[in-house]
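For reference, the structure discussed in these notes is given below.
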Amino acid sequence: MGALFRDPVLFATVLGTNLPFFSMAVILLFTRSKPTVSSRISVGSIAVSAICAISLLARLFSAPPLQYQTLWFCSGKLNIVFGYYLDPLSLLMLTIVGIIACLVQIYSLGYMAGDPGYSRYYAFQSLFAWAMMNMVIAGSMLQLFIFWEMVGLASYFLIGFYYEKWSASQAGKKAFVMNRVGDVGFFLGLILLLIGFGNLDIPTLNHAAVSHGISQGLITTSALLIFCGVIGKSAQFPLLTWLPDAMEGPTPVSALLHSATMVAAGVYMFSRIFPFFSASPQAMAVALAIGAVTMILSSTMAMVTYDLKQVWAYSTVSQLGYMVMALAAGGYFAAVFHLTTHAGFKALLFLCSGIFIHEFHTNDMRIIGKQGGRKLKIPMTCITIGALALSGVFPFSGFFSKEAILTVLYAQPNKIWYAAGLFGAVLTAYYSFRLIFHLLFPKDGIEEKHHHGEHEAGSHEHEEGHQGFVFWAMAIPVMILAGVSVVLGFFEHGLEHFIMRSLPIPEELARHAVPGVHAAAHALSEGAQRVHEPNGSLLTILGVSAGLLGIAVAWFEYGRQGASRKGFLSYFPAIWKLFDLRWFLDIFYRKGLDTLVYAGLTSLFVRNDRRIIDGGIDGICIFTEGSGRLFSFLQSGMLQFNLVLMVLVAGAAVLYFVI
Amino acid sequence: MTDFMLFLPELFFILGALLFFVFSLRKTPNPAGYHRWAAVVAAAGLLVTVASSHQQGMLFFNCYRVDLFSQIFKVLLGLGTIWVIFSSGELKGIDPRQHAEYYFLIFVCTLAMMMLVSSVELLTIYVSMELSSYSLYLLVPMRRGDDRFSESGIKYFMIGVTASGLMLFGISLLFGVGHTTFVPQLVKTLPSLISQPAAIVGLVLVLAGFFFKLALFPFHVWAPDVYQGAANQVTTYIATVSKMAAAAMIIRFAGLSGGASPGMIKLLIVLSIASMTFGNLVALIQKDIKRLLAYSSIAHAGYLLIGILTLNTQGFASAIYYAAAYLVMNYSVFMVIMKVADDGHNLQIKELAGLYKRSPLLAMTFMLGLFGLAGIPPTAGFTGKFLVFAAAVDKGYLFLAIIGMVNATISLYYYLIVFKAAYLLKPVKEYPAIHVDMWTRFMSISLVIMTIYLGLFPQQVVSLTEAAARTLF
Amino acid sequence: MDTSGLNFILQAAFWVTVALTISGAAIAVFPRNILYNVLGLALALIGVSGFYLYLGSLFVALMQLLIYVGAICIAIVFAIMLSRPLHVDIPPRSAGKVWLGILAATVFFIGAAGVALKTNWQAAAGHVYKASQWSVQNIGNALLTRYELVFEVISLVLLVAIIGAVITAGFSRRISS
Amino acid sequence: MNSLSTYLLISALLFSMGLLGILQRRNLIGMLISVELLLNAANLNFMAFNRFLAHDPVTGQVITLFVMGLAAAEAAIGLSIILALYRKMHSINIEAAQKMKG
Amino acid sequence: MTAMNMAGFPILTTILMTTIVGLLVIIFIPPEKTKLIKQVSLASASLGLVLCLWLYHAYDFHKGGLQFVERFLWVRSLGIYWFNGIDGINLPMMLLTSIVLFTGVWTMWELEHRVKEFYALMFLLVAGVYGVFMSMDLFWIFVWYDVSLFPMYPLIAIWGGTRKEYGAMKLTLYLLAGSAFILPAILFLWAKAGGHTFDLFMLQKIGFTPFDQKVAFLMLYLGFGILAAVWPFHTWSPVGHVAAPTAVSMIHAGVLMKLGAYGVLRIGMTLCPQGAVYWSHLMALLGTIGIIYGALAGLAQTDLKYVIGYSSVSHMGIVGLGLATLSVNGINGAVFQMFAHGIMTALFFSSVGFIYDRTHTKIIPELGGLSKTMPVASSFFIFAALAGIGVPLMASFWAELLVLTAAVKVFPVAGVLACFGMILSALFMLRVVQRTFYGEKNPKWEHIPDISKFLAVPRVILMSCILFFGLFPKVILDVIQSAVIPFVTRF
């Protein structure tokens, strides 16, 4: 306890990460009925957390990784250790989470104003912030897993925030269960490691993996299993469909959890034990393939939907796919960097969309556009900035990170991954600007009648809202994020320098030049040397032009005067349907669940319980009673039958003893 | 004079019998007065029996042995008798003009059974047994009123005399091979002769006579009809007191083979299993509570036999314990039945409905009695079963314990049905509250305490029964 | 002394007794007229008393005649007379019951016969046939010594039987009407 | 002939006939008569053992005497029960008495 | 028998006596004074709770072994001892019992129907439970075991709900049928040990032959397994729970079911280690089937209590699997799971009980949208559901972690399958939560007030227990471990 107060770093860590928990407890227990107080408590605590995070980052910017740990309990030979691991990666992530969570909570002051579940909302926001921050700085995989689950829990509650809406609770459930599917793999992987290696400490694990401390088979198996967790949490193929559904939650939630931070946890976890993963080329190959498939699939899905948030959700999935690809290709920094920038611009995109949605009470981009979405100047500007960043247009942050990823992909021996990356970039730009153009240039111009714009008289409350607290609570965070998206890219080199310190030093790897480790060493050194690719400029041009191509197609179809506004895909209804129905993944799951689980096993088991087991037991009872009835015939009223029984048995006994 | 002291309990009951013989000659019956007298005499008899419970000695030219074994059973008999007499306050099932004879026969029967448990000579045993049987043959048809039940008397009689015929035949065979009618001598000679068919058959047939008394399958055939057909008090007497004597005699005679005959043990095992199973199964479908208890008593005879068929001290001790426990529990149940059916009619299970409201105390006594019979701890019935099964398993009869326990589970069903009636069911019509006087209250509480005390603190009783069982060897 | 003739007579008489007993028993059991049965019983009882004679006990044989034939059979006849004619409407016998009865009785007979034949009957160590031991005096002696208790009890039995018979049969002393 | 086993066989036969009578007669008095046969069979056994095996011939005789006494008492009781039943059922056919069963 | 310190004060008997004295006092209170009866009940339950907490505090887990021993001869000739003691396995169970009893009594505060008998029977039941847990003598374990079972019949049949008489009868007969195997097995062991002691620790020193161990263990496993709702002997659990009144369900599912697993552990695995090894595959198989089967069968249920009943089956499967591993982690986890599941199910039933009291239905399609009308009451259930899913930082997560770790190691296939049970449990718990509490507000329940502060107290206690032991599993695991580590050396 004393150490807690003596060590400012530890103090800041503990305070920063756990304050939201207390704010949640206080809100749930005491201030449920006082929304304003609740929101203040929550925002205040997250602000403190964010400040702690930033100060930690500043303080430890050039310090070596710090580790705090304490034995939580032990069972047999199993030691469960809790602790913090403060290295550049976790500090960076902590800061991202802190800042974005803080911004989103401030934004929510406006967005959620007047909601009956206001207090509850902030309680769950705090829960999320607490879990996420603890997950980020977890020192061991088990701790990471625990908070990983807690994050999922917060996500469940926040997705199902409007629980009166059936689809919302359904989406929450879906998210939780799908995550669970992945998590079981994760969990099994951890158990395997625990059994085979005995320690889940992250630095130890990484170190052991690259220095031949764990057998190759175990690494591959457990890495693949752990990767299941990534698949679930980061909505990779084939578990990607929960994320679009998760948009049922309030928009700030989508911004925070389902794009910027929580879903990135998968990628974060991947990068956390990147050296471990990279010790298994097989696992990396699988991850690469899955990342690519995810990216393409979700991009195609985004191309056909008209729902604002859905577009960004698909886009999130596809960007996560990018990051996974990058990691799997060895681009450690590229992925982390993309994660960072993506957190910024995707939160921006969501928050801007949130303003539209709040304003027009619809998610449909066509209606928003028609009703004058573009008249909301601040969000319109910001969303465009976000879209540009997403499309990888210079000088926005996305440009830098995407370029980094493409470079890494290019370094792969098989160029198909690079091609996929480029193709993805085209699609990304296309669907982003399809949305932007829908908002900017609605099909039949702006309908003045139902105009809800800024200067429209008659909707007094909105008037007040736009100018008042509600509007600015939403607008300021958006503007901050827009600013970040503009400038973040220029910090690439500083960040790279900072982040790469959290990887084991290449020289050390070189010393253990064992065949199994080559891959890891290769991957790591590749990541380190990426920047010095010889034909960097060519790649840059290719990347940017892919983005511009997408924008151009979108312009052609939606932006220009007299554009068809139909999209080329509408000429192929089958493909449209395929994309619209998410490649039939949902239908597949639904059918599978219905036939296999509900109609199959469940009804089988229930029937088995009723008929066979219960039936058997009742049958035994009926049989017993029946035999009672049967035997009661022995006791007939006829005296002599009774006597015969008696004499016969006596006689038989006599006979038995005689013979 | 010590001999006189040894015979004191019996003398006391003879006195009682004679007293009521005199009463029976009077012109005008006085049932209430008879009841008081009977209670006083029986209570005094019980006191005397308890006081002489540690006597030892031989009487009547070695025909009659007074030892711990016999005295324990005499105490049980005396206890049962005073209980039955206690409950005879409202003897509505029997014509008031016959009450004097009723008490006379009860006393004679108890006396006969006391002599039975002390007798160690075959003829004495047989005659005592017949005396008790005749008293019961006469008690059963005393039930007045309902013609439905009149046949039970003749059934009891016919089955009884047949069984006694078998027993007499058996005695003759024992006499033939053993050349003597004295049990102590037979104990010495019989084990070596047991390979002779006559010896074992004689023994089995003698046992058959006692099995009849105990209502063991297949000699149980009288029990359901008689339980149902006799007056409630008489049923109680048959169900409690007369079982004690039968148990004592089976213990005495089963030991005669000295464990030398595996065939007999097999037979006993078969009978015990058959009895448990049959009794419990048929009890499942009964509606009349006395008839149900008849079947339950058949099953209990089976449990009791498990203890006996181990043929060792431990087993006999457990059987004695079981018998004592059975007396207490069975009487608890019957007392409540008699109290509820105080007009002497045959109680149907559904008539118990709402008992918990009519008299919580009786309901509790009833519940404990039922759970005791079902063998649920912490009642005496459980400890009895435990001891019996322990003896059996110790001897290697694990399967008997399993079968016994499965049977106990089956039996639980019908006990629970009765329990349910008493505690759960809403009565179909409004029954009046039961008048529970001070004595009944006292009796209920003491029965409850006894049931639980015997169940939880068996040490003293167990050591007593073990000492008693040791006197048999 | 030539005992062969006497022996023959004795033997013949023995078998006659056997025949008497068995046929008496058969008459007691099989005919459906209850009076025949009583007569058959009497016959069988007389036969049995004959056996007692053969077995050396004149006293018991006499007692048999007195008690059984004299008292019991007469009592039964009285009972028959007290109840109404019995042969009015007797439904046919149920074959099942008869066969079951025969089966049970046969099983028991085989068993009992087996016991009789298979047992290696050993006489007691002190067993010598001495006529002096068969005197009534000895019996009386035994009754008042070894069987003293039984002797007392049997009186109680009879008392019970009398009282019981009286009340059960309904001849209550107190019913004056 | 005049040997132990002859007597025993005769007694066994008597006993079995008595049993047969009990088991299939419908007349209650007939059953009672059969019961007497049972007791006689046992008595015959006693007497036979007494004659051929026992070291003291008194025992068997005394037993036989007592059994006779018991038989008398038994007959008295049995007949009285039968009579009482007859009053109620107006029949001494045992097959009329099968109301109680199960 | 390392630490046979004869404590001066018989604390264990005193704990037992709190219930028995409570019972006796209640018997002598006139039935009309319901308030007084409830107060007496709560007082004696809280006395028990305080004593158990003190016991927990006073138990020295560094030293381990049996502490607070009370032992004297009860029946000489059979070797029955009044032998109570506390070690790391039964200490959490005692604590669990006292917590569940306390909250159960409190939960039933609104009971109006035959109050006196209800509390009397409940205390009888709990006396049995305490007795089983504290006793170290086979005779007494069995006695208390049965004592704890049979009050279930009246408790369910009088105060129960759906098909109460059928459920009560089924449950009682089923469970007592289990004891039909236990008693012979106990006697068998006793006889094989020479027939002169029922003392668990003396018996433990006797090496039973492997064959005897196999026979006895199988019988014990079957007998106790029925109470632990081992598949396929689980069907009493849903039916019985549906029928039972709230507090009875709480105690039954929360504590009584643990008696089964505890019995297997305490008698079966202690005395028949080789038998346990021999049958461990069977145990693992049935445990795993239970986990999967319970969750899947629970998916199709429409009655809230049925769902919880099946979830109990699933969770007790985890206990079974943990025991089957015969390893430190597995048994640690199993005991922990017994504790955690006890608290969790108590919370489940107590919140369902409240809902049922107010709405008079527990059919899921008839409910719906309850979160709107009674947010606090709903949150209790949702919390319990999360605990049931095995959300981390709730007690059952650690238990599942330990069990699964051990299981994957010892029985890889079963362990992996059991992990998949986690998905199913999430699916079916959330399904219930969604259909009961989420969705459109149901106008039928609109005017029902939320749970009062007073009635919320027991639920909050249970919730905080779940959280506390979820956050600080060390508190309980150290204790459990102190007994388990020496325990597994015998396998």
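Just so it is clear, A, B, C, D and E label the chains in written order, and each chain counts residues from 1 on its own.
The rule is short, and it goes like this: contacts are C-beta pairs under 8 Å (C-beta built on N, C-alpha and C of every residue); 3 or more make two chains touch, one makes a residue touch a chain.
Model, not experiment: these values are computed from the prediction.
Steps from chain C to chain D, taking the shortest chain of touch contacts, total 1.
Grouping of the remaining chains in the absence of chain C, by touch, is one piece. Centrality by C-alpha centroid: the chain sitting nearest the overall protein C-alpha mean is E.
Relative to chain D, the chain whose mean Cα position lies farthest away is A. Chain centres computed from CA atoms place A at the largest separation from chain C.
Centre-to-centre, using mean CA coordinates, chain A is 37 Å away from chain E. Taking each chain's centre as the average of its CA atoms, chain C and chain E sit 70 Å apart.
A separation of 64 Å divides the Cα centre of chain D from that of chain E.
Chain B and chain D have Cα centroids lying 26 Å from one another. Within chain B, the positions touching two or more other chains are listed as 123, 127, 130, 134, 137-138, 141, 151, 153-155, 158, 162, 166, 169, 173, 176, 179, 197, 201, 224-225, 282, 285, 413. The set of chain C residues touching two or more other chains comprises 97, 100-101, 104-105, 108, 111-112, 114-116, 118, 121-124, 127, 147, 150, 154, 157, 160-161, 164, 168. In chain D, 15, 18-19, 22-24, 43, 48, 53-55, 59, 62, 66, 70, 73-74, 77, 81-82, 84, 94-95, 97-100, 102 are the positions where the chain touches two or more neighbouring chains simultaneously.
Listed by label, the pairs of touching chains are A-B, A-C, A-D, A-E, B-C, B-D, B-E, C-D. Within the complex formed with chain A, the residues of chain C that make contact are 97, 100-101, 103-105, 107-108, 110-112, 114-115, 118.
Looking at the complex, you find that chain A touches chain D at residues 632, 635-640, 643-644, 647.
Residues 111-112, 114-116, 118-124, 127, 145-150, 153-154, 156-157, 159-161, 163-164, 167-168, 172-174 of chain C are the ones that touch chain B when the two sit in their complex. Contacts from chain A toward chain C in the complex involve residues 638, 640-641, 644, 647-648, 650-652, 654-655, 657-659. Contact residues on chain E toward chain A in their complex (touch as defined above): 170, 173-174, 232, 234-235, 238-239, 293, 296-297, 299-301, 327-329, 332-333, 369, 371-372, 375, 386, 391-393, 397-398, 401-402, 404-405, 408-409, 415-416, 419-420, 422-424, 426-427, 430-431, 434, 437-441, 473-474, 477-478, 481, 484-485.
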